[in-house]
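One structure is given here, and the rest of the page talks about it.
As written, the chain order gives the labels A, B and C, with residue 1 at the start of each chain.
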Amino acid sequence: MDARLVDKQEIAEVVLRYCRGVDRLDFELVRSCYHDDAIDHHTGFDGDADGYVAWLTTLLPRLSGTMHLIGNLLVEVDGDLARSETYGTAHHWGNPLTDPSMNFTSGFRYVDTMERRDGVWRIAERWAVREWTRSIPADTVRPKEGEGPSPQRDRSDPVYRAWRQP
Amino acid sequence: MDARLVDKQEIAEVVLRYCRGVDRLDFELVRSCYHDDAIDHHTGFDGDADGYVAWLTTLLPRLSGTMHLIGNLLVEVDGDLARSETYGTAHHWGNPLTDPSMNFTSGFRYVDTMERRDGVWRIAERWAVREWTRSIPADTVRPKEGEGPSPQRDRSDPVYRAWRQP
Amino acid sequence: MDARLVDKQEIAEVVLRYCRGVDRLDFELVRSCYHDDAIDHHTGFDGDADGYVAWLTTLLPRLSGTMHLIGNLLVEVDGDLARSETYGTAHHWGNPLTDPSMNFTSGFRYVDTMERRDGVWRIAERWAVREWTRSIPADTVRPKEGEGPSPQRDRSDPVYRAWRQP
């Protein structure tokens, strides 16, 4: 059972790193979550990991930001194979804020087949199941620069700060 | 401490399986999350596990779908007894999409007493605390069939796919 | 690796207890999540732990309630130091329900430096990064008293119920 706990934690972290990669435009991190021959089934994309990341690389920078908030993460492990289901909501925003094609929230589930190869768990196949999509109301506001810690989509985001005090 | 980690993981999985059961209309799975003499306190229901599942069995199929997204899951274990608090939002949709009694989101907490009997953790008593309810805006859209991986409320959902490649 | 699992669980529970403390107005619990010399960077506040809790103590009772729902919790441990990133949405409500300064939801990330001192993990430095803020639609309703298990912001909330049956 202890070994399984470790597996489940490692698998959960694959999904968590995927979300961080997407939201911070760290495409290398996104790519590292997939095996080389992995398949991804998304609304608007169906193909391999390199193709998926290339698609994201074109799509995501058009938006001003995204936030992939995930909750339920239920993993079943069978040796070097696992299935995980993750629930989440994805928040998207862009300019102009009134454009519904860039300002929406979707509810989704990632249904993943995970495989451990050479000791490392990665996605072998993903079904990104979309449950619903909702326009974001026009009164949504983004934080103003300097108003408080603000998010960035590059290495200047607080999550990349040095965490060893000098 | 390690034993506690296993307990906490098992308890979390009870809550996760409950959500899957509700959202996929797998009532057997929902029922298996409760001990036979368990009590459930819900808005609109107060009684035992069989009664609760019977109530759900009548109620849920009227909707087109639900999504019980959970986050915070804080578990305190004391031998074979545990208390867990789970935060979540429940998304409900149904036809017509303009009917607010079928199209709403609620914020809730599950406050559970869990008991381990014969080595298996299940809910002994649940308080489903509702924090707020909000109508879903009419511009919410459901994915069109064939537009991408789409959710199902039966065994044809991707989460039940064979995950062993032949 | 097992030791790391325990560390990650303990760190996650710091963040979970923080949320419970804020939502139940248990300021002692909130304070216990920080080291004495911890620094908190929030929108509207920047300073030490005592100052932060004093600020919350003034601010939170003006609202009728809050719900800090967290999801993604990615922790990296390095000895007695760790970095954790937590995603969440914070729901706020107050009277009158049409006042947008009291009725809003925000998307945020907590970017924390955690330190273990005397065997206990606590926050050493927090950046509360706000991603977006959104008014809550006026049709949000709170549960009526007696309609079902209802939330409280004191020790009468179900989460504090005795969980040992007599």
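Note that in this section contacts are C-beta pairs under 8 Å (C-beta built on N, C-alpha and C of every residue); 3 or more make two chains touch, one makes a residue touch a chain.
All of these numbers come straight from a predicted model, not from anything done at the bench.
J.: Same or different: do the copies chain A and chain B touch each other through matching residue numbers, with over half of them shared?
T.: Different, since under half the interface numbering is common to both chains.
J.: State the superposition rotation angle between the two copies chain A and chain C, fitting on C-alpha atoms only and giving a multiple of 5 degrees from 0 to 180.
T.: 120
J.: Could you grab the centroid distance between chain A and chain B? Build each centroid from C-alpha atoms only and quote it in angstrom.
T.: Those two chain centres are 23 Å apart.
J.: Would you mind listing the residues of chain C that make contact with two or more other chains?
T.: 2, 5, 71, 88, 137, in rising order.
J.: Write out the stretch or stretches of chain C touching chain A in their complex.
T.: 1-2, 5, 8, 41-44, 71-74, 81, 83, 85, 87-89, 100, 107, 109, 111, 113, 127-135, 137
J.: Quick one: in the complex, what on chain B touches chain A?
T.: Residues 2, 5-6, 9, 13, 16-17, 19-20, 65, 67-71, 88, 91, 93, 136-137, 139-143, 147-151, 157-159, 161, 163-164 of chain B touch chain A in their complex.
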